[in-house]
Amino acid sequence: MLKVGLLGAGRIAGVHATAISSHPGSTLVAVSDINTAAAEKIAAQYGAQAHDTSAILEDSAIDAVLIATSTDTHSDLIERATAAGKAVLCEKPVDLSLARARACQKAVSSIGRPVMIGFNRRFDPNFSALKKAVDAGEIGKPELLSITSFDPAPPPVSYIKVSGGLFRDMMIHDFDMANFIMGAPPVTVTAVGSSIVDTEIGAAGDVDTAVVTLTYADGRIAVIKNSRRAVYGYDQRVELLGSEGLLQAQNILENTVVKSTTKGVTGAKPTYFFLERYMPAYAAEWAAFVEAVKGGTPLPVTLEDGVAALAMAEAATLSIKTGSPVSLASLLD
Amino acid sequence: MLKVGLLGAGRIAGVHATAISSHPGSTLVAVSDINTAAAEKIAAQYGAQAHDTSAILEDSAIDAVLIATSTDTHSDLIERATAAGKAVLCEKPVDLSLARARACQKAVSSIGRPVMIGFNRRFDPNFSALKKAVDAGEIGKPELLSITSFDPAPPPVSYIKVSGGLFRDMMIHDFDMANFIMGAPPVTVTAVGSSIVDTEIGAAGDVDTAVVTLTYADGRIAVIKNSRRAVYGYDQRVELLGSEGLLQAQNILENTVVKSTTKGVTGAKPTYFFLERYMPAYAAEWAAFVEAVKGGTPLPVTLEDGVAALAMAEAATLSIKTGSPVSLASLLD
Amino acid sequence: MLKVGLLGAGRIAGVHATAISSHPGSTLVAVSDINTAAAEKIAAQYGAQAHDTSAILEDSAIDAVLIATSTDTHSDLIERATAAGKAVLCEKPVDLSLARARACQKAVSSIGRPVMIGFNRRFDPNFSALKKAVDAGEIGKPELLSITSFDPAPPPVSYIKVSGGLFRDMMIHDFDMANFIMGAPPVTVTAVGSSIVDTEIGAAGDVDTAVVTLTYADGRIAVIKNSRRAVYGYDQRVELLGSEGLLQAQNILENTVVKSTTKGVTGAKPTYFFLERYMPAYAAEWAAFVEAVKGGTPLPVTLEDGVAALAMAEAATLSIKTGSPVSLASLLD
Amino acid sequence: MLKVGLLGAGRIAGVHATAISSHPGSTLVAVSDINTAAAEKIAAQYGAQAHDTSAILEDSAIDAVLIATSTDTHSDLIERATAAGKAVLCEKPVDLSLARARACQKAVSSIGRPVMIGFNRRFDPNFSALKKAVDAGEIGKPELLSITSFDPAPPPVSYIKVSGGLFRDMMIHDFDMANFIMGAPPVTVTAVGSSIVDTEIGAAGDVDTAVVTLTYADGRIAVIKNSRRAVYGYDQRVELLGSEGLLQAQNILENTVVKSTTKGVTGAKPTYFFLERYMPAYAAEWAAFVEAVKGGTPLPVTLEDGVAALAMAEAATLSIKTGSPVSLASLLD
């Protein structure tokens, strides 16, 4: 039984607490948060103890920690937890600073404890079925990847200001999805974007609508589309053209009812809330972490993956400023 | 080049005139109708002559006639045309009277000229693709057939009164579709029905909503659903469960545009008008007739098929009166 | 907190145990089964005690029992549990004997404790969304209902022999669905059926493929199609034609991936296992039970509903024997 | 009755001949081609005369010409035909040279005869329904447009070499589609591309897979994806995100049959051949031309539209060479 400490007690931490408790091979033993009451509430619900973070890291009975704190603490906590011998599953992104993330990566690599980054979408049953079909050669050689990723509504501008921007905060999931599907990093990153959804977002120095094209060494191309607003729901689709066919992973709908009237044929919308869409993915992500840690097998998403996606976000941010393609290698030498 | 006379100049005759003229192996040479002006109009449009029916039947230069007159004239015209040596394509139904249709069948069989009945739906690209898949064994052994056939709106009650009733006028297409798919006639016919769409239809002695179940000697079952009203369009679907899978032929939509808003995900309706839906079927039907007549090969739909469907309509009419299953054989001995 | 005893520890009892434990307003305190080890296993997993049934019924600290034992014990346990003051949720069917079920209904009605029958499909998010749309008048006045309900594979013939037959064992869910959607019982029940899937099922006196038509006092019609085998998965669909449109509740698919190749455009199959399809329904069913019991409000599915569906199953069984429609009233006077 | 001369007698000319002849307001009177036999064949089929081009242009009885000759003759023939007083419908592109096309535009503007460019896709019932929905404000303010346009198989490399390249030969349709939907030209054009489908195409100096992003003055963004190969058929989709929803125009399928087996749920492929997909568009295009010419009303697609799309193709060609965004204005001053 893997004994787990949960660092953070916010909304996403609650999701992880459920996954940890429901898994037959893991148990939640401790929770910490700067908001003590929040930590206590989760601890009570799942029969765990509320502690401070240091106590959790120092508790030798705890095998693993799940880091679901604010982004600015991720790198430090990864380093402290691995140094304390814990296996780590850390929410994305590793850091808003590529330099800090790379330093963390370097520090951790010498310690040798497993660190997995929480790119939950890799574990979505639809995207993982698509990936499996690609790997099985079902559409031949991949050529052109398209990722559509629209949020239902933009976050408050106050959040936008501290988010690191659309590329680090939102599209980073899609950068990782591209890396997951393509199995290699791109060579160049070219971004266009605007703040057509909300000019306040533009005033805050960010974009709310963006298209990024990625080119690969072997001629493959990927394109990622993001918008902060799709009023009909959370729109999450992946489409891959290959030499022998096309694969598409489509949205999950609220239900399967279809109504035909004089006004048309109307079905349900995509699920609106990301937790509705990705709840099965969080459970599968945790199961994969437990399996790798217990089995001593390679993690399905690594700290390197976290750094790679962050580098792409930095490249896109730079591309939109300069109006030119950015070489990914130029950011990583 | 097959020289063709068209008997009748109403709406459906116009559809056939187009099919005859567009086919590279046939040409429309004469048209007749009790409404002379209508005959002259079609004749002018396609470079044919307007004549009276007798003149067309006596013209030895005419190879084939297409009968698109009122139902009560079908049997007589089939007999006269075949006696005059013409190949015949006659609109459904053969007759409203099963006895008259069987007499016609007997008369024609001794003459030996080809007579095809216009069950156009067999030539619909969707239903014929389904039939081809069945025959190729793609779902194994057929077990349970469902036919949904809803008209967008009921005809005037004045028409209902002379139509022969829902089973002879509307469901006869579906009886033929069942025979087409199943490749054998049923053993029993059981009908339920009501006039829930329009009580005037009930007052006229007919039903507007009906479900008929058919049983087959080998244990297969079919069910046909009819309604005179489906406000969203012309709803024409076939579904067949077999030992190794399910086949479904679905509706043709007005276009492929889908709109996602806060109100749901809305696509186009099924085509509303039967000619929109079945125009390709009419052209394919004519092509099949020309090919069989020219090649001397068996017709894809025979007068026997017309009689078989009519017998099923009579059985259903009787079943709804008696409230009991009707043996098809009892009507045909 | 509702304290719950679980009678039965088989597969479906495990599903209920999860639902009871996951609900914030209920807790599983005791489990009984003639297989003591099975009861102990479930009890251990959820922190409950294994007891014998009598002990559970006599324990005044237990508020409610969930009956998930074999069908032949349902009526007795319902009577004993209500007599002991428990609220009851009992798996369907109430009994295989309509007479016994009606006696149970009579006994319970004098006791006055709440008894809900586990027609879980009413709580399926798709069917309940369809029902809500009907009740909101979104397709006007209902006219013609179709229910398709195919199992992926037939059970062993040994099970068939003790099942009460397809109508009492399988189609009973669809009878209840018809009652749920139509809001009234039918007037007549007409069944056709055969054992085309497996002749052994026929030899055991049952059918494996059946179509039942129901007529209603106001002219509405319903048709239910059942097959014990749909190799592509668990096929569960409802379709309702109304005066202003059509509602369809379609299948849940294993995932949303679609592959386009030279062989066609292929998507995932419907979920294969009934628990996959209906797991959310079991949770919603339990939540509805807890809400009604705690709030003292009417139960969403009553013992009367259980008897009504059973009467329809008996009528269908009789219809298939006699080859004639059966009046439902004739069975209930 | 509009009397029409057809310049060219190749495959696409045959399509136009059918549209001209089938339209009740136009008649095909003459056909020319450097391949005299081809011209005579089409002329015979539709009751027209084969002439040489000069004779057609000088025939004052001819009201309009349809130019379906090789691209290098388009500009000359547009100028000669308008100078001779004809109304003109010319196949796309106007020219491979932007300079020549602009000179043609200038010459024609002083003559004042109507010239329409054959961007047939604007008349596709699906894309025109999408455009109508946009204009009706059904998804609010447009923000992000995606066009997917994949050919089923690449043309011979010999054709590629004289085609003007993917942007002028293939994506020009999509540039016009973007202009049609967005109602304004873009500000910048950024292209990435590779020859991953066939390295011979790369050796010929062209790409076979490309993604182009367009930015607009008001912050809108468009992205166009092209591939010369989609083995499953002709993949033609348009998707537009707006402030109040999403519009998608999807593919036309070969038929509506869906098969469910243990291998999945398989439907028909998109139509493979562009004429299958766009045949209704060619008829609608011709009808729109006839209506505008007869009514003296503005043409739905102008020579200016042809030049605009060509300029975007030139910009994309330049962008892919330089690796940088190209300002459209820089090509048109």
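By letter and in written order, the chains are A, B, C and D; residue numbering begins at 1 in each of them.
Please note the rule applied: a residue touches a chain if its C-beta (ideal position, glycine included) is under 8 Å from a C-beta of that chain, and two chains touch if they have at least 3 such contacts.
Keep in mind that what you see is a predicted model, and the values were worked out from it rather than measured.
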{"item": "Result of counting contacting C-beta pairs for C-D and B-C, higher pair", "value": "B-C"}
{"item": "Remotest chain, chain C as reference, centres from CA atoms", "value": "D"}
{"item": "Whole-Å separation of chain centres (CA-atom averages), chain C against chain D", "value": "57"}
{"item": "Gap in Å, rounded to a whole number, between the CA centres of chain C and chain B", "value": "41"}
{"item": "Shared-contact residues (touching 2 or more other chains) in chain B", "value": "230-232, 235, 244-246, 259-262, 268"}
{"item": "Chain A - residues contacting chain D, complex", "value": "141, 143-144, 146, 148, 150, 188, 190, 192-197, 209-211, 213, 215, 218-221, 223, 225, 227, 229-232, 235, 241, 243-246, 323-325"}
{"item": "Touch list for chain A against partner chain C, complex", "value": "125-126, 129-130, 133, 138-139, 244-252, 254-262, 268"}
{"item": "Touching residues (chain side chain B, partner chain A) in the complex", "value": "230-233, 235, 253, 259-270"}
